[in-house]
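Step one of this worksheet: look at the structure below.
We just call them A, B, C and D in the order they show up, numbering each chain from 1.
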Amino acid sequence: MQLITILIVAFLGAGIVYLIGKISGKARDILAVLASLIVVILVSLAYNQKIYTSFYPLPFLNLSLTLRIDPLSWFFAIAVAGIGFLSILFSLEYMKHYQKLDFYYSMMLFVNAGMLGVVLSADFLSLYIFWEIMSWSTYLLISYKGGKAVGAGLKYIVMSTVGSIAMLFAIVSLYTSYGTLEFSSLASLLQTASSGYILFLLIMFIIGFGIKNAIWPLHTWLPDAHAEAVSPFSAVLSGILVRIGIYGFVLVMYSIVGLNLLHKLGYGLLNFNYILCWIGAISIIIGTFIALLQDDDKRLLAWHAIGQGGYMILGISFGTTLGIAGGIFHTLNHCIYIALLFLVTGAVEYRTGGVRDLNQLGGLIKKMPVTFIGGLIGISGLIGIPLTNGFVSKWLIYKTLIMEKHPFLAFVALIGTWGTILSVYKFLHNIFLGQLPEKYKDVKEVPWAMRLPMIILTSVIILFGILPGIPLNVISGIERSFGIKPLSTIIFGMPREIGELNIINILAAIVVAGVFIYLIFSLSTRSRRVNQYDNYAAGSFIPKDKYQYSVRFYDPVYRIIGPYLRDVVDDFYYWLVEKSKSFFQGVRQIYTGNVNTYALYILLFLAFLIITKIGWGLW
Amino acid sequence: MSGIYNWMYYIASGGLILIGLYIVLVKTNLIKIVIGLNFIDTGINILLICIGYVRGRTAPIFSRPGISPANVVDPVPQALVLTAIVIGVAVLALALSIVIKVYQHNKTLNVTKIKGLKW
Amino acid sequence: MVNPSLLIAVPLAFAFSIPLFGLVSKKIGKYIPVVALLINVGISFILIPQILKKPAVVSIGGWSPPFCINLVVGPLGVFLVTLISSIGLLVAIYAISYIKEEPTEKYHMLFLLLITGATGIVLTGDIFNLFVFFEILCISSYALVAYNKDKEGTEAAMKYLIQGSVGSSFVLIGIALLYGMFGTLNMADIASRVTSADPTFLFISLAFLITGFGIEAAVFPLNAWLPDAHSSAPSSISAILSGIAIKTGVYGVARMIYTIFNADGILTFIAFLGLLTLLIGEMSAFRQNDIKRLLAYSSIGQIGLIVFALGIATSLGVFAGLFQIVSHALAKALLFLAAGYMIYRVGSKSIDSLSGLGRKMPLTSFAFTIGSFSLIGLPPFAGFISKFSIVYAAIQVKKPIFLVFVVIALIATVIEAGYFFKVVQNLYFKEGKNVDNVTETSGYIIVPMIILVISIIVIGIHPQFITGLLKGAAGELLGRTGYIGWVLGGS
Amino acid sequence: MVIKAVWIIVLPIIAFIIGVFFLGLSRKVIARIHRRYGPPIYQPVIDLIKLMNQKSISHGRLFDMGVILSLAGSIVLVLFIPFGGIAPLSGSGDFLVVLYLMLLAPLGVALSGGEGANPNISIGISRKMMLSLGYEVPLLFSILAVMTYYKTTSLVEITKAQQHLSWGVIYLPLPAIAYFMILPAMLGIRPFDIVSAPQEISSGPSVEYGGRYLALMTVEHAFHTFIVLALFVDLFLGGGNPFTFFVKMLVVFLLGLFIHAVFPRFRIDQAIKYCWKWPSILALAGLVIAYVVA
C-alpha cells in the first residue's frame, strides 16, 4: 500500500499541479514543491523495508503489475525523489521568466513519478510501462524550450525508442519462455537457461538501458539533450534520469541473471564482463576528452556525464564486491555533483541572461560566492578530490581494476580523471575566476530558493566525502540482497582488509596543516586588498574586458588531440538517417500518381498469388 | 468442337473481363478507363449467368404454365446479376460525374497528366 | 432480445429520410446521423452481453439457412458493429458543425449509407450480400471523398473509384467462382463444404477475394488509393475511412481466409504482406509534409500491423490484431478529427504551418498528442496494449521467421515514432508564423475529441473493458466449426 | 602511537629541510654548470625570511586560501609517502590516495591564481594543466606497472618488496627510465619550466604573488621536489633507511639536474608531444611486461 501511495501521490501531484496552474500560479508552485517533498518523505519512510505488492492485474495477459521495495530500489528511489525535489525548488525562481509553467511543473513531477515507478517495479512489464512514461515525458521536457531543443528532443526520443524496442523484445521473449515477468521468479527460473539466451537477453537490455545511460556508442543524444533542456531539468536528466540506466544494468546483471551465470558468458578474453568494461572505458575517454573541447558550459558537463557513466559501468561490470559498490556509489555521487553543477550553470544563466558560452563569462566569484562554492565543490566531486564524495567511489573503482589485474583499464580510468581536471578547471575558471566583465558589474547572488538546493547538494557532497560509510552501508545492503559478499565498511572509509583509506585522518591532517599554515600566514606581514584592475600588466594600462585569458584555453592540446576527437558515432548516425531518408524518398516513389500503374499493381498482385499457387504450389 | 461450345460463354466473359482490364491498364483517357470498368462489369455478369446456366433449360419464371423446378436454370445467379447490374450502373453514374468534375479542374482527361496527388 | 437487423435497418432508413426531412427544414439533416447512430450504439451495447452468451443468427424471409439471406451476429460482428457505430457517432457529432459545404444533407445521407454498408459487411452471413454492402460502402465513400468537389478531392475520388471498382469486380469474380463450385452463397455453408472442392479453383477464387478485399483493406501493393483519398476527403470522412472503412476490408480478408477457406498455408504470406505494408507505409509517411497525407500513410502502416497480427493466427495473435483495430480506430479517428480542425483554422495542410498551435488550440493539440502517442504505442494509452500483445503473439509462436518479422515491425515503429514526435514538437515547441488569429475549437467539434481521448486513456489503463469481447471475437475467427454450427444449426 | 605522533610532526620538518636544501643546491649546481659562482646553498632560507616580512597584495579570500590549501596538501602528502620506511599515515591512504592528494597543491594554486585575475596567471595555469596531462600519461603507465608488478596499491608494501637490493629499477627498468625522463616536467625545471616562464608570461601563476604568498609558494615548491623524488626512490630504488633514502634522492636529483640543465625551454606543445612519445612508449612497454610477468 505504501508503494502505491508513493506512486499515486507522484502521478496525481503531476495532474493536479497542471489543473491548479490554470487557476493560480502561486498555488501551483507551492503544490509542486509540496508534492515532491511528500514523495521524498514517503520514500525515506520506506527505508529498510521489504515490501512486495501486486497492484493491478491484467488477466488477458495472465499477468499482474507489481511493485516492490528492496535496498536497490530504495537507494535509487531516494535519489530520484531527492533530486526531483531540489530541482523543483530551484525551478521556483529560475523558471519565473518562462512560459507554459503549468506544463513544465506537471511534466517535472511526471518524469519523477515515472522514474519512481521504474525503480519500484517488481516485474518487467511495470518497469517497461513506467520506463516509457518516463521516456516520453522526458522528451516533452527536453523540447520544452523550443529552438534547438526541438532537435535535441527528437534525437533523444528516437534513440530512446530504439532502446525501448530492444527492451520490449527481451521482455516479451522472457515472458514467452518463462510465463512470468516478476524479477524474483525470473531470477530463479533463469538459472537453468542456456548461456546463449542469457547473452541475448543481456545484449537487448544493454541496448535498452545503455541508450538511457549513454554508454558509447549509444551516447549521441545526450550532449544535445543536456545542453538544450532548461537547467533544473538538466540536473534531473543528468543526475538521475540517465542513471536509471545503471539501475537497469545492476538489476538485470546482478539481481536477475546473477553472478554465476555472468561468469559463464564468454571464452577467455572475449568475456562479457570484459567487453562491457571496455565499452565503459571507451565511454570514459570519449566523454572526458570531448568535454575538453567544449565551449558551452552545459555541453561540457553533458560530455562529462557520458564519461562518468563509463566509470559506473567499469565498476559494476566486474561483479566483485568492491567494484559493484564503487559503481553504485559513483552513481549516487555523480547524481549529486552533476545535479549541483547543472544548478550552478542554471544560476549563472539566470543572472547573466542565459549566457552559456564559457568565453563570455568570468570573474563571477565576487558577485555570486555561494554559486561559486557550489561550482567548486561540484567540480571537486567530479574530479574526485579527497574529502568530496566522488573520491571514495573512484577509489573503489580503481582499486577493483588494479586488484583484478586490469592495469590498462585502470590507466584509462585514471587518465580520464586527468582529462576531467582540465576541462572542469576551465569550466570553473571561465565562469567564476579571472576578470569580471563590465556588463556583469551589477550581477547579484541568486535568490534563496535557488541557493538552498545548491547549498544542500554541496553539503551532501562534503558529508558523503567525509563520511562515506553512510551511503556505503546502504550499498552493502544492496550487495547482500544480490547474494554477493557485502562490502564491510566503517563510517570514515574502509576497513584495513580492503585497503588503506581513512578519510577522517586525511581530513585531520589537512585541517591541522591548513591551520598551522594559516597561523604562519597571519603572523607574517599583512597584505593589502586590491581590485581586479589593480593588477600586473608590465606597467601598461589594463584594458577593461580584454584582460582575460579564456578563449581556446587549452589550445596546444586541442591542436594535438582535436583531430582525433570527432564523435564518429554521431556522424555515423547522421549518415544513417540521411541515407534512410533518401531511401524512404525512393520507396514512396512507388505511389506514382498514375492510376494505370496502380491498376497494374493490383493485377500483378493477383497474378503473383495465382502463379505461385499453380506454378509452384506454394500455399 | 463441343469443348469450345461448352465453354463459349465462359470464354466470352473472360474475354470481356480481360479487355476491360487491358483498357484500365493501358488507356490513359479517363472515359476509356470508365468504359473499361464497364467491360469488366459486363464480363462478370455474363460469368455469373453462365455459372447458373444449364443447357437446354428455360428461364425460372414460375408464373408461366408448364414450368417445373426440374427444367429451369438456377435462378440465383440471375438475381445476383440483376443486383450487380444495378450496382454497376450506380458506379458508372458516379464515375462519369466524377470524371466531369476532374475535367473541369484539370482541363484534361489524360490520367498521366492528372498527377496532383502522388508520393 | 433486440433484433440485430435493426442495426442495418436504422441507419438505412434514416439515411433515406434525410432528404425528406430536408423538405421540412434544412437544419434537421445534420442531426439525423447522430440520432441514428445513437440508436445503433444503444442496440449494440445491449447486444454485447447477449451475443457473448449466445450468438444470434437472423434469417430474412422466413427460410432457415442456408436457403436465405441471413445475418450472423457473433462476437466478432457485434464487436465491429459497436466500433463502427461508436466511431460513426463521434464523427457524426463532429460533422454537425464541421461540414459547411452545401449540400450538407447529401453528405449526411451518404455518411449514413457508408455506416450502413460497413455494418452490413460485418453482420451478413451471405457472401453476395457481403458484396452488396461492400459496394454500398465503396460507392458512398467514393462520393464522399469527392464531396468538397475541389481539384484534389475529385482526382482522389477518381483514382479511388477506378481501383475500388476493379477490386469489387474481383470480389464478384471470386463470389461467382465460389458459387460455381458450391452452388450456395451462404458463407457457413460454403465453409462446411470447402474441403470437397478442387484446391486450385478454390485458391483462384480466394486469390480474387483477397485481392478485392485487399484493395479496401489497403494492403500493399493494393493501397495506392488510400493516401490520396484520405488526404483529400473532408477530415471527418478521412476519420471514418481510416477508422472504419479499411477495417471492413481487413474483416473481409480475415473472414475469407479464416472462416470460409480455412487457408492456413497463406497465413505466413499474409503476415509478411502486413509487414511489408507496415514498412512501406511508415517509410512513405516519414517524408510527408502534408499532415493528412502523413496520417494516411500512417494508416497504411497500422493496417499492416493489424494484418500482420492477424496473420500470426494464434488466438493471441488475432486478439492482438483486433485490439490493434480498436486502438487504431480510436487514435486515427482522433488524429484526423484534430488535424481536420487545425487545418480548418490555419488554412493549410503543411505540417510547418501547424507550428505553435499548442498555445492557440490547447485541447485540439492535446488530443492530437494523445492520439499520436497511442499510435506509437506508448503507455498508458491503448496503443501500448495492442502493440505489446502483437509483439507477444509474434514471439510466442516460436517460429524463427516471425522473430525476424517482429524485429522489422519494431524497427518500423521507430520510423513511426520519428515522424509523429516531430509533429508533436511542431505543435508545442516551435514558434508559429501565422497563428495569431487562430482560436480553439468549439462546441460540437470538441466533444468527440474529448470522448476519444478519454477512451484511449481508459482502454490503455484498463484494457479489461474490451478484452472479453475481443477474446470472443478472436475465438469466432479461429473457431470456424463453431461459426458453421451457429448458422447451420449444430450439425 | 607516540612515536607515530612524533613522526607526524618531525617528518614534514625533515621534508622541509631536504626540500629547501635541494632548492639551494639546484641553484648552486646550475650556476656551476654555467660557470657562475652562484648563491650560497642556504640562500632560499634567507629569501623566505625576507619574503615573510615584505608587503604584498591580495585579490580576495580565495587568493589567500588557495595558497594555504596548496601548501597544506603538499605537507599532508609527505605523511603518506614512506621516507626511509617511515610513513605515519600510510595506513589511512594508499598509493591511489597519494595520487589524488597530489592534486591538491596544483588545485590550490590554480584557484588562487584564478582569483588573481591576471591573464598571465591563467596562461600559466593552462600550461600547467596541459603539461600535467602530458606527463601523467607516462607517469600513470609506470605507476601502474609498479602496482601491477607488486600486486598492491600500498606504497609501504611496494618498498617492503624491494628490500635487499631487489630494487624496482632492476625488474622494471623501462618504467623507471620513463619516470626519470619526465622528472623535470614534474619538478617544473628546465626544459619544462614552461609554466613559470619568466620571460614570456612573467612567472605565470606567481605573477601576482608577493611577500608571504611567494614565501609559501617557495615552501610548497620545496615540498613538491621532496615528494617527487621520494616517490621515485620508493617506487624504483627500494626505499632504505632515512639516510640511504636521502642519499638516493640526492643522486637522482643531481642526475636529473645535470642532464637537463643544459637544455633550453620547450614550447608547450613540444613538451606534450615529448611526454607522449618516448616516455609513454617506454612506460607502456614496461606496463605490458609487468602485466605479462605478474
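The definition used in the following text is that a contact is a pair of C-beta atoms (placed from the backbone, for glycine too) under 8 Å apart; a residue touches a chain by one contact, two chains touch by 3 or more.
Computed from a predicted structure; not experimentally measured.
Novice: Which chain wins if you rank chains by how close their C-alpha centre is to the centre of all protein C-alpha atoms?
Specialist: Closest to the centre of all protein C-alpha atoms: chain A.
Novice: Tally the contacting C-beta pairs at the A-B interface and at the A-D interface, and name the larger one.
Specialist: Looking at A-B and A-D side by side, A-D shows more C-beta contacts.
Novice: Cα centroid separation between chain A and chain B, in whole Å?
Specialist: 68
Novice: Averaged over CA atoms, how far is the centre of chain A from the centre of chain D? Could you give it in whole Å?
Specialist: Taking the mean C-alpha position of each chain, the two centres sit 36 Å apart.
Novice: Where the centres are mean C-alpha positions, what is the separation of chain C from chain D, in Å?
Specialist: The answer is 78 Å.
Novice: Roughly how far is chain B from chain C, centre to centre by C-alpha average, rounded to an integer in Å?
Specialist: Centre-to-centre distance between chain B and chain C: 28 Å.
Novice: Of all the residues in chain B, which ones touch at least 2 other chains?
Specialist: 21, 24, 33, 114, 116-117, 119
Novice: Which parts of chain C, given as residue numbers and ranges, touch two or more other chains?
Specialist: Correct list: 158-159, 162, 166, 227, 284, 287.
Novice: Is the chain-to-chain touch network here best called a line, a ring, a star, complete, or other?
Specialist: Contact map by chain: other.
Novice: Can you list the chain D residues touching chain A in their complex?
Specialist: Of all residues in chain D, those touching chain A are 8, 12, 52-60, 62, 64, 67-69, 71-73, 75-76, 79, 89-94, 96-97, 99-101, 103-104, 107, 110-111, 114-120, 122-123, 125-126, 129-130, 132-133, 136-137, 140-141, 144-145, 147-148, 151, 153-154, 202, 207-208, 210-213, 215-216, 267-269, 272-273, 276, 287, 290-291, 294.
Novice: Using the touch definition up top, name the residues of chain A that touch chain B in the complex.
Specialist: So the residues of chain A touching chain B come out as 588-589, 591-596, 599-600, 603.
Novice: Using the touch definition from the top, list the residues of chain C that touch chain B in their complex.
Specialist: 128, 132, 135, 139, 142-143, 146, 149-152, 154-159, 161-162, 165-166, 168-169, 172-173, 175-176, 179-180, 183, 185, 227-228, 231-232, 284, 287
Novice: Going by the contact rule set out above, which residues of chain B touch chain C in the complex?
Specialist: 17, 20-21, 24, 30, 33-34, 37, 40-41, 44, 47-48, 51-52, 74, 76-77, 80, 83-84, 87, 90-91, 94-95, 98-99, 101-102, 105-106, 114, 116-117, 119
Novice: Quick check on the complex: what are the chain A residues that touch chain D?
Specialist: Residue positions touching the partner: 363, 365-366, 376, 380, 383-386, 391, 395, 398-399, 402-403, 405, 407-408, 410-411, 414-415, 418-419, 421-422, 425, 428-429, 432-436, 493, 496, 499-503, 505-506, 509-510, 513-514, 516-518, 521, 524-525, 527-530, 532, 534-538, 547-550, 553-554, 556-557, 559-560.
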